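Comments concern the structure below.
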Amino acid sequence: MTEDNTATATVVGEGAPQLTTRLSLFRRMTELRVFEKRVYDIFLQGLVKGTTHLSLGQEAIAAGFGEAMRSDDWTFATYRGHAHTVSRGVPFAPIMAELMGRRGGLMAGKGGSMHLTSVEHGMMGSYAIVGAHIPIATGAAFSAKYRKSGQVSVCFFGDGTTNIGAFHEALNFAAVWKLPIVFVCENNLYMEYTAISAVTAVEHPAADRAGAYGLERIIVDGNDADAMYEIANKTLDRARVGGGPSLIEALTYRHAGHSRADPGKYRPDEEVAAWIAKDPIPNYRKRLLDAGVDESVLDRIEKEVAESVDIATELAKASPPPGEDLILKDLWSDGSSTWRN
Amino acid sequence: MAELSLREAVARAIAQEMRRDPNVVFLGEDVAAAGGVFKTTTGLLEEFGPERVIDTPISEQAILGTIMGAAMTGLRPIAEIMYSDFFAVCWDLVVNQMAKTRYMTNGQVSLPLVMKTGNGGGLRFGAQHSQSIENWAMAVPGIKVVMPSTPVDLVGLFAASVRDDDPVLFLEQKALYTVKGDVPDGDVCFELGKAVVRRMGADAAVVTIGTMVPRALEAAEILAKEHGIDLTVIDLRSLIPLDTACILEHVVRTGRLFTVEENPRVVGWGAEVTSIVADECFFDLDAPLVRITTPYIPLPSAGELEDKTIPSVELIVETILKRMV
Amino acid sequence: MAELSLREAVARAIAQEMRRDPNVVFLGEDVAAAGGVFKTTTGLLEEFGPERVIDTPISEQAILGTIMGAAMTGLRPIAEIMYSDFFAVCWDLVVNQMAKTRYMTNGQVSLPLVMKTGNGGGLRFGAQHSQSIENWAMAVPGIKVVMPSTPVDLVGLFAASVRDDDPVLFLEQKALYTVKGDVPDGDVCFELGKAVVRRMGADAAVVTIGTMVPRALEAAEILAKEHGIDLTVIDLRSLIPLDTACILEHVVRTGRLFTVEENPRVVGWGAEVTSIVADECFFDLDAPLVRITTPYIPLPSAGELEDKTIPSVELIVETILKRMV
Amino acid sequence: MTEDNTATATVVGEGAPQLTTRLSLFRRMTELRVFEKRVYDIFLQGLVKGTTHLSLGQEAIAAGFGEAMRSDDWTFATYRGHAHTVSRGVPFAPIMAELMGRRGGLMAGKGGSMHLTSVEHGMMGSYAIVGAHIPIATGAAFSAKYRKSGQVSVCFFGDGTTNIGAFHEALNFAAVWKLPIVFVCENNLYMEYTAISAVTAVEHPAADRAGAYGLERIIVDGNDADAMYEIANKTLDRARVGGGPSLIEALTYRHAGHSRADPGKYRPDEEVAAWIAKDPIPNYRKRLLDAGVDESVLDRIEKEVAESVDIATELAKASPPPGEDLILKDLWSDGSSTWRN
């Protein structure tokens, strides 16, 4: 266990992944970016009611894990779950339709933006109570271990989430039973509108607590897709071979506000500018070009993604409202919501 | 006199109490610098400073524990729990600690504290951000439960809650934040446990609270105009204490009771009111006692679904029409 | 056939289900090596081993999160929350997560899990170890609520709960652990949502559950013998689902309803039953609908006080006598 | 911050306290021991209903803090709260009467064994939900800081309590605002019947987590009254001068079972024997004799304590049952439990 606050236990980005993998990472990040920008557009157009939380700027984390995970691994995410949902291969259209409250939505409009779930894709849910999914993801890992299935549970959450009780309970649980789980703290420096540093007793809200559960202290550049891919592989492998849980703190930044139309004005301009300069996508694009990738390859990926988001948007818009027949359905396993005879 | 939205009335109310009493402090997530996620607490940090208006980590158990410990040692703290649904993560502090401590200690401990929170549905926030938790709190003896439906009530009942020596759960209906109304200048403070008759009518008593008050009133107008049915509409304003005398008076007078509530029906406060009536003025009743509620489901997110789920003006009109025969 | 105490029936029930289905696992605080603090789970670790019978840290949120995550990925887990009062520290997992996930995901997620717990008062454990939380759970759509009053019901209803594909809160009344009764050998499994008429009588329907069942039956015998009042006593056995048909049948037949419950009155399940009756068979009623409950207070600890607080045989007799006139 | 698992940050027991202080510590421990043995006796006689949790063997912790605390400091304890209550100067008789459910009880029988409270003595309550009082004690510290009263809040809890969410939330809160509070984990190696080591990811459930809140790692011999007194002074002083919270892990052992008539059979015989040999009271007696205290002085203390416990027992036994008139009283501040008109 490394507990020196100044060092980062995991040196990342050393061996670059294969080119095909890197192109896939680029495509994934592009998908997340284009998709969420579109979500923001249709939100401003009034097509998305309620709320929505974007991961713009944080794409490398979802992309790196999406690339590294086995198709039967599980993702548990928060209300800020679009990126993780897309990253597990869930098509754009039903996600977009869910945000718009349409029948064609991933949950037919019953769940909404904060609860994206596609069990078929291993996307085991987005949870809107801060911290609640950490013990639930731990339970999935328990099940994988019990059934010796080799599956790994991956649980994403924010920096602010490290201060809630459920985090603490679940981390200890997972560590005691050496469960196959990777906890990924996306430290974007802010909770809603308050800086994590203003309300946390340590500098690194996740990494500085790893020792409290006997875990390695891991800090990684969350804006570097190669680094994320590498740490994902390392921690997924560890979990799969019985090495138990990992807790990763990925440093990143959200470009937009917390939710909806929040302009994020509580953040200093220079800070925002510095992080925009660290935007994971243009930097990765440049890295690929530097590595000799032909620009036309990247252009084509961007074009393909843009087209498929366009198509999905139209599909979602064409989907009808959910229909009242759904209201009283599927509370119980018999499909009903009947609680009395 | 100023015209305020219910949203603006919140900061007005907190400021009134903080000016009055230096032992009033206020804490919660994003309440200070950001002025609250519902923009209900704007300006308080600027006026009262960071010692009295405090941004906390996302630690609801610590927030409620803090106000409880502060209240038992001389302060009169106010905490915001952002959405009432989040009380589930800190429910122990409410039901096992705050509610029971005075009783268990044979009166040694006073807990003059207020928990304010955004409650109820209608904003397409989905099942985990739209619940009505008033009946959760009623189920556990020892917590007062207050829910204003107008800006002036918000100020007057909030002041009463802060000045009360017992723990109060103060429910701000998110769906009412934009409702406007006049609030007098100077000290505004009402009494807890007093219902208000918002409309007088001879045919039935409609008992309601919060977001359902304007809906019941609108339904009453439609029923009066289009069907000649003349309703009394009672705004309870607080559930604990409950103004049973007011309810019974108007049920006895009209012979009929309808309750209109946002709770998902089962063991809602409407059941309590109905049961009191069914026991205490049974022989004055002319007809079955009818509850109008959200059905027994979590709230769906899509607008079309949510609107058909929480009692609407149409549902109230329809149900009353059907049951008044 | 074996005569078992309700306490012994618990391990009998869990063992039956664990033998039947290797996907059933069981976790909780002190449940394995120690056999449970109420000694309800003795022998399970020995028979099923430490992979399936697991002692946990004091982390109720993690316990319930674990069974939820396990249930959604193919297991049928059982968790013990030692005292039902402790649900307050993990209530979010119950009401915001388990109760809502199937609905919110449009049916994608199944949660076949059981939360078992020691519920209710009578053991002088004081206000934080004696609560009846059945109405807490009823207030939130999506949780089944089961409460047996006999050993054989415990086994049959527990088996049904484990085999059910929805989350079940299984309430073991601590005050009934010593009650004895015959339990057949072999597979015992009943249906949820079926009340049982424990006594047939013409004068009134008494609706009850759990610890209050034997008390209501004893009161009925006294009332029959000493006062010629002949009561029907209905043991609901589960509150969600609720056997309303059985309730209505006997209320219509007798014209009268008494509910007897351990909840501290306000928004208890008795209010729900009363409200259903007041709406759905109003014209068949002969008399006010009467709830017999614990008063609106936390449970005091001293024996003398606790005995005068939870409905006793005497209180049931007195109340019915007074209200039958 | 010392984070080396093998070292103990605080070296204790170096400068021995004054003799008068040491005699007072001896008297306090003797009081706790004699009182609780009596409680156990009357429990076995059927005079105490419900439950009871003894601190036999753990007396040095309550004694050390009781001696060091200012009379207006606050104590927050658990269901295992007899020792802390006595240690704040609450007389024996009302405590004993409370356990017996009598009108003369500290709370007139309404609270019971697990909720001993005497605000007048700064004993701000015993809490029976594991962990719940940690945030509450934090709130008292908040109030002391806000009112600049110089008071310190002291919060006692067990090893098992470190795995519950409320612990984590409160520690961070207290550390962020540098509140005047001392968290004292009485590590008696067991929860109810399960060893803490079986369910915890680190060896020292409190000390190994101090770093997660930016706090010093403190382990102390909880069976040494001098050491406890010293660390109490040090941490109380730190709190009083604005130095913020401390988290102490005091190593100790309960001689009896968890509660009531639990024989504690889940613990290996050798382990029990080894800890009985470390019994804080005979060892401290010996230490005082070695330091030149005349045995008659100690004998007299023991005799005085025994007499006062005898008197208290009779007083408690003579107290009548509480009386039904109390049942509906004191839910609200107006003295009533009226919730409707």
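In order of appearance the chains are A, B, C and D, and numbering begins at 1 in each one.
The definition used in the following text is that a residue touches a chain if its C-beta (ideal position, glycine included) is under 8 Å from a C-beta of that chain, and two chains touch if they have at least 3 such contacts.
Source: prediction; values computed, not measured.
A.B. asks: Looking at chain pairs A-B and B-D, which one is connected by more C-beta pairs in contact?
C.D. replies: B-D
A.B. asks: Determine, using the mean of C-alpha atoms as each chain's centre, which chain is farthest from subunit C.
C.D. replies: A
A.B. asks: Take the average of all CA coordinates in subunit A, do the same for subunit B, and state the distance between these two points in whole angstrom.
C.D. replies: Inter-chain centre distance comes to 36 Å.
A.B. asks: Where the centres are mean C-alpha positions, what is the separation of subunit B from subunit C, in Å?
C.D. replies: 30
A.B. asks: How many angstrom lie between the centres of subunit A and subunit C, each centre taken as the mean Cα position?
C.D. replies: About 40 Å, centre to centre.
A.B. asks: When you check subunit D against every other chain, which residues touch at least two of them?
C.D. replies: 110-112, 115, 127, 129, 132, 163-166, 169, 172, 176, 199-200, 326, 331, 337, 339
A.B. asks: Could you list the positions in subunit B whose residues touch two or more of the other chains?
C.D. replies: 56-57, 59-61, 85-86, 88-89, 92, 96, 103-104, 126-128, 141-142, 240, 266, 296-298, 300-301
A.B. asks: Which subunit B residues qualify as touching subunit A in the complex?
C.D. replies: Result: residues 29-30, 33-34, 37, 55-61, 85-86, 88-89, 123-129, 266, 295-298, 300-305, 308-309 of subunit B touch subunit A.
A.B. asks: Could you pull out which subunit B residues touch subunit C in their complex?
C.D. replies: Residues 85-86, 88-89, 91-92, 94-96, 99-100, 103-104, 126-128, 135-136, 138-142, 240, 263-264, 266-272, 274-275, 277-280, 282-283, 285, 287-291, 296-298, 300-301.
A.B. asks: Tell me, which parts of subunit B touch subunit D in their complex?
C.D. replies: Result: residues 25, 51, 56-57, 59-62, 64-75, 77, 92-93, 96-97, 101-110, 112, 141-142, 164-166, 193, 240-245, 276 of subunit B touch subunit D.
A.B. asks: Per the contact definition, I'd like the list of subunit D residues that touch subunit A in the complex.
C.D. replies: 3, 163-169, 171-172, 175-176, 199-202, 208-209, 211-215
A.B. asks: Quick one: which bits of subunit D touch subunit B in the complex? Just the residue numbers, please.
C.D. replies: 74, 76, 106-108, 110-112, 115, 117-120, 124-125, 127, 129, 132-144, 146-147, 151, 153, 165-166, 169-170, 172-173, 176, 326, 329-333, 335, 337-341
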